[in-house]
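Alright, structures below, take your time with them.
Each of the next two complexes has chain A plus one other chain: chain B in the first, chain C in the second.
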Partner chain A sequence: MGAGVAITGIGIISAIGGNVSENYRSLISGKIGIDKITQIETVHKDEIMVGEIKDDNPTLEKRLKFLENQNSRTVLIGCIAAQEAVEQAGILDINDVRTGFISGTTVGGMDKSEQYFYDYFDRPEVRQHITGLHAGDSTKKIADHIGLKEGFVTTISTACSSAANAIMLGARMIKSRQLDRVIVGGTDSLSKFTINGFKTLMILSDTYNTPFDDNRKGLNLGEAAAYLVLESDAIVNKENKTVLGYLKGYGNANDAYHQTASSEHGDGAVLAMQKALEVAGMDPSEIDYVNAHGTATPNNDLSEGRALIRLFNGKVPEFSSTKAFTGHTLAAAGGVEAVYSILGLQNDVIFPNLNYKTQMKEFDISPVTKVKNKPLNTVLSNSFGFGGNCSTLIFSKAK
Partner chain B sequence: MTQELFIASHCHISNNMVSLNGTTVHEQKGTDFVSFAKSAYKKFDIDYSKFFKMDNLSKLAFLAADLLLKDDNIKEKQNIALVFSNRAASLDTDRRHQESISKNDSYFPSPAVFVYTLPNICMGEISIKHKLHSENAFFIFEKFNAQYLHTYTESLILEKKAEKVLCGWTELDGEKYKAFLYVVGKSGIFTHSTHQITRLYQNK
Partner chain C sequence: MTRPVYINGIGSVSAQKTFDNSVFLEDVTYRSDTIINVISPDYKSYIPPAAARRMAKGIKMSTVSAKTAIQEADLEENKIDAIIVGTGLGCIGDSEKFVRDIIDNNEQYLTPTRFIQSSHNTVAGQLALGMGCKGHNFTYVHSAISFESALLDAKLQLENKEADNILVGGVDELVDHHIDTHRLIEHIKQEPVATMAVLKSGTKGAIFSEGAHFFVLSGEKSHSCHAELVGVSTFNNLSKNQVSEKARSFLEENNLTSDSIDLIILGYNGDVEFDGYYDGLANGLFSNTCQIYYKHLVGEFDTASGFAFWLGNKIIRHHNIPPVLRLNSVEVSEPKLILCYNQYRGENHSFTLLRKC
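Let's turn to the complex of A and B:
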């Protein structure tokens, strides 16, 4: 089946750090990014906890040398993460080969649109915040920021599996030789729109989220951006590039159950994991660690846990959800967890599933709760979205 | 390697009339879409209470799909992809949602309406009913685009992403609606060609 698609760069900004190394340090030192919301004025501020990126917009704008208040926070954090990934890949001229950019987002410029919506007619100077609403606008602006002049640029919006699907599409385009290089991942800032939406669904926790715990109360929303650089073997060989890891397998399946809930026994999740293993040419027993979707909602963790038991025929490898650190970063989650999967492979470490206390009643599998050093060759990462959009990525160590 | 594909069955719903493979199977004149849809639901003995919470586009697509998929040649577990298209996307429901939030003094958005403000939700409803864990895509075109549907469907089957494809046009905006769905597979009555697709689309 070959080595897979080479990953030559990673970049991230999340509630637990403004770059890859800060994120890694937080993951191994157990530093949680969940707190009271500070940057959005919301009536729910006393009832919810969120994974907010600590820098405010002016700080991010300064870091990027951007004009003040011209862009959505989704664009700002996206630019920071994409830029880090491109820099790490040692790309000097991004237009020297056929390069693409595929970004997952659900909120796009909603954070600013909801702020300036009623000013549209009276204040022409804020209209860019309304025209910047749609998802593709953020993708275009990030593509411009990393200097992409021509090339395949697109947006994927499949709820919480968006970034995973962006990574999958990019890998397929490298494999089918439609692109030589592609920057893939996702970005989502917090917005009232998502806070209110998830509040309505009554799946927000009022305290720290506790994935796979019997007493889990729901998720904390988070914000993040994370991207990978995927490059063809031809480029890796020609330029003698350092490979961080490989994307070996990917799969996407339709749960066919409910708009906003997962099926009782994780049918879509099982199918997505099976497809990813098939693409990777692997047996379930070859997976060393699972970075679970693990949102800490009663529904997800039960459904996903059952799916893991089904897929691995009872012999579930070590698993954990890193959402206790970052919150659920929606469209970016697949990108964030891809970066964490690669960090795990590079450092032979399993990041802990924090806040876990009580064994779930429905089954007897339990997550890794402390930092654990273990040789890792293969990591499976799940991202499941509303609409039953289930995706799985399989990463392997660089040789 | 090419393999010839066929249109196995097709269904039309428009002007308060349902036809299956060219034969009118239900008609109820003089009522609005909601009552007409309910009459079709009763006529075809669809025992599925979730039908009544669907938006109108989903009801339309669901009825057409149900007639084709309950055909005994199509077993439940088969890998049937969905490739739908229309012009108005989910505008009909978008407007309903917009009305519920347009006035500050009567601001009552409903999650039950909001979830339908995407056209592909109708494919979700069909997937849920028929347990289709398969590929699906919804395209928005200015007008019916037989060429595009043909190419996409052929590629899904030839690349073994699906065994069969349920495809077509599901358009609804207010009281104007038209569904034309057809099943493509390795056997059937008509050759799967843009010419035949266009011809069937135009015939009632």
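Let's turn to the complex of A and C:
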């Protein structure tokens, strides 16, 4: 097995920071991003907590030098994160090699679509948002922002594993020499659509989410965008690039159990993790830390915990869910947690699973609850979504 | 060494009667409209009525189309290793209703079914659930290249022997709010146009439609094989004068020249602003090649190019080009190499190449 696919840039905006270093500082100082909702007017505002990005749209538009109200918030945060990743990778001309952009999103421009649903007919000045309902439209606009011209651009929407799957496709395209460089990840803003959707599923917590806690009450929705730059070994060698880490393994499987819930014993999750280990050519014992999906819903954490016990044959490595910091950022989650996995590898640190108090009854594994310094060589990150979609990524340290 | 990729089964639900694989556009439906719906198969003979009642139209169309393809490929459902779907908007009927309910009922009295079905990967998830398929399950949602993204993913996996049989499809449904809003911005034609007058409409916008096209792609050629998928390539933005150059380099990558192409399937939709993208190929590089079009029969939607792919497979199988499709009078008796080119509003261009095998 080779070293994997090189990661040369990362970028992120989430409830705990507007860039990579702010996110890192929040993660090691235990600063969480969950609070009452401020930017969406919803009747549920007193019953829910969310991981909202603090900047409002005009602030984001100013930061990007964009005209007012031309773009969905999904586009705005996506542009910020993608731009940071590209800058960090030291890319001067994005079209100088075969560059692709693959983004995951579930809501796309739904924030604007729901806002102007009835207004389009009387207000021509908001009709620019009509085509924004296409999930691919957000991707297209971010691609334009980072200057991509004719290259390969596509969008993946597999619910909460979207960004993980975008990263996976990017790695496969680099490995099969279809692309030399690809920017991969995902973006999702908060919307009434998802707030009300998850509300009907009765899996929203009315307080801070508590992953892997016996008394967990559900998830907090969040919003974020996060991207990685993947580059071929040829470019890395030729341009003597700094490598931040490697994507070693990836796997996607379907639980084929229920449209929204995970199977009791996490069959899909086990399959996805097994595939990823196989691609990486690794034994489960080589995994130093698991960044769990850990949404804090009763169903996910039980199913994922059982899957971990099965995969690791009882010897589960240290694990934590970072969703207590950010909330569940849906399509972006796999990108956010890929960035955190790389930060963990770079700094030899495990980020804590906050808000954990009570051991789950069904098994005896428990998450890391304090910042822990430990040499990390390999991190496994899970993302699971509706439609039984299960994805696993394995990252390793830059040598 | 990579291995070839074969299309062993095909299925279509479109605005023409295409759900029955034993016929090939023998009975064309002519219309004069700005939107057209699919000709529905008898869903009851494919899906238990109790299940069908709760299903979004996109799921129903896809189920029929997928079953048709799998049946033709003569494959047990448990032999499908992966499911990959392209869709511009997913089951948008449910998304639209859910938004309407949120607004009209001030976020109260909502039920989860509409929300669940509005997840873009509902079709791929439901197909996996129905077939018990635990393999790779992806959904691409990138406007006019949603279907081609799915094809590309499948091709990559089959070539690299990561899978042996993959169900690949494209689906989109046509719903009210989407129609009303796209009329406002003239992406839909303002005036009805008759089927055979689409190319000469001289007006802005297209005739919107819907459909589901599914295919079984395999690493091994079966007795039901239609064609080999030689190549698929997509481009984000291209100017009109770049299209020919990209077509040429796409063919070169496959060790071919424009002369070797027997038939080109073009995505003309009668939009006076954007049909020029096809003219460059029709009047230049492929002026002496047999040319056909299809959106006058099945309309425009994000995965309309799935119909072109179906058409290419059908033509190779039947050695027959229905006259209603023809753009020029260049004759070809038995097309062996077929190139499809599609774009939408000057963006999301794709080339797909099929070869008789």
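By our rule, the second predicted complex is superposed on the first by the 399 of 399 C-alpha atoms of A that agree within 3 Å, B and C clash if a C-alpha of one lies under 4 Å from a C-alpha of the other, contacts with A are read in each partner's own complex, and residues count from 1 in each chain.
By definition in this document, a residue touches a chain if its C-beta (ideal position, glycine included) is under 8 Å from a C-beta of that chain, and two chains touch if they have at least 3 such contacts.
Small disclaimer: the values here were computed from a predicted structure and weren't measured.
Taken together in the superposed arrangement on chain A, chain B and chain C clash. In the superposition on chain A, contact of A:169 is made with chain C only, not with chain B. Of the two partner chains placed by the overlay, neither chain B nor chain C lies in contact with A:374.
After overlaying the two complexes on the shared chain, residue contacts for A:114 are found with chain C alone; chain B is out of touch. Applying the stated contact rule after C-alpha superposition, one finds that A:135 touches chain C and leaves chain B untouched.
Of the two partner chains, chain C is the only one touched by A:385; chain B is not.
In the superposition on chain A, A:200 makes contact with both chain B and chain C. Number of chain A residues touched is higher for C, counting chain B against chain C. Of the two partner chains, chain C is the only one that A:153 touches; chain B does not reach it. Among the candidate segments 200-208, 218-226, 236-244 or 254-262, the part of chain C whose C-alpha atoms clash with chain B in the superposed model is 218-226. Taken together, the two complexes place residues 200-201, 253-260, 267-268, 271, 387-388 of chain A in contact with chain B and also with chain C. By the touch criterion stated above, chain B contacts chain A in their complex at residues 111, 115, 120-121, 124, 127-128, 130-136.
Those residues of chain A lying in contact with chain B across their complex are 200-201, 253-260, 267-268, 271, 387-388.
Residues of chain A that touch chain C in their complex: 42-44, 101, 105-106, 108, 110, 113-114, 117-118, 120-121, 127, 130-131, 133-137, 139-140, 143, 148-159, 165, 169, 172-173, 176, 178, 192-193, 196-197, 199-201, 252-260, 267-268, 271, 385-389. On chain C, the positions that touch chain A within their shared complex are 83, 88-90, 92, 95, 98-100, 102-103, 106-108, 110-112, 115-116, 118-122, 124-126, 128-129, 131-143, 145-146, 149, 153, 156, 159-160, 177-178, 180-182, 184-185, 187, 234-238, 242, 246, 302, 347-348.
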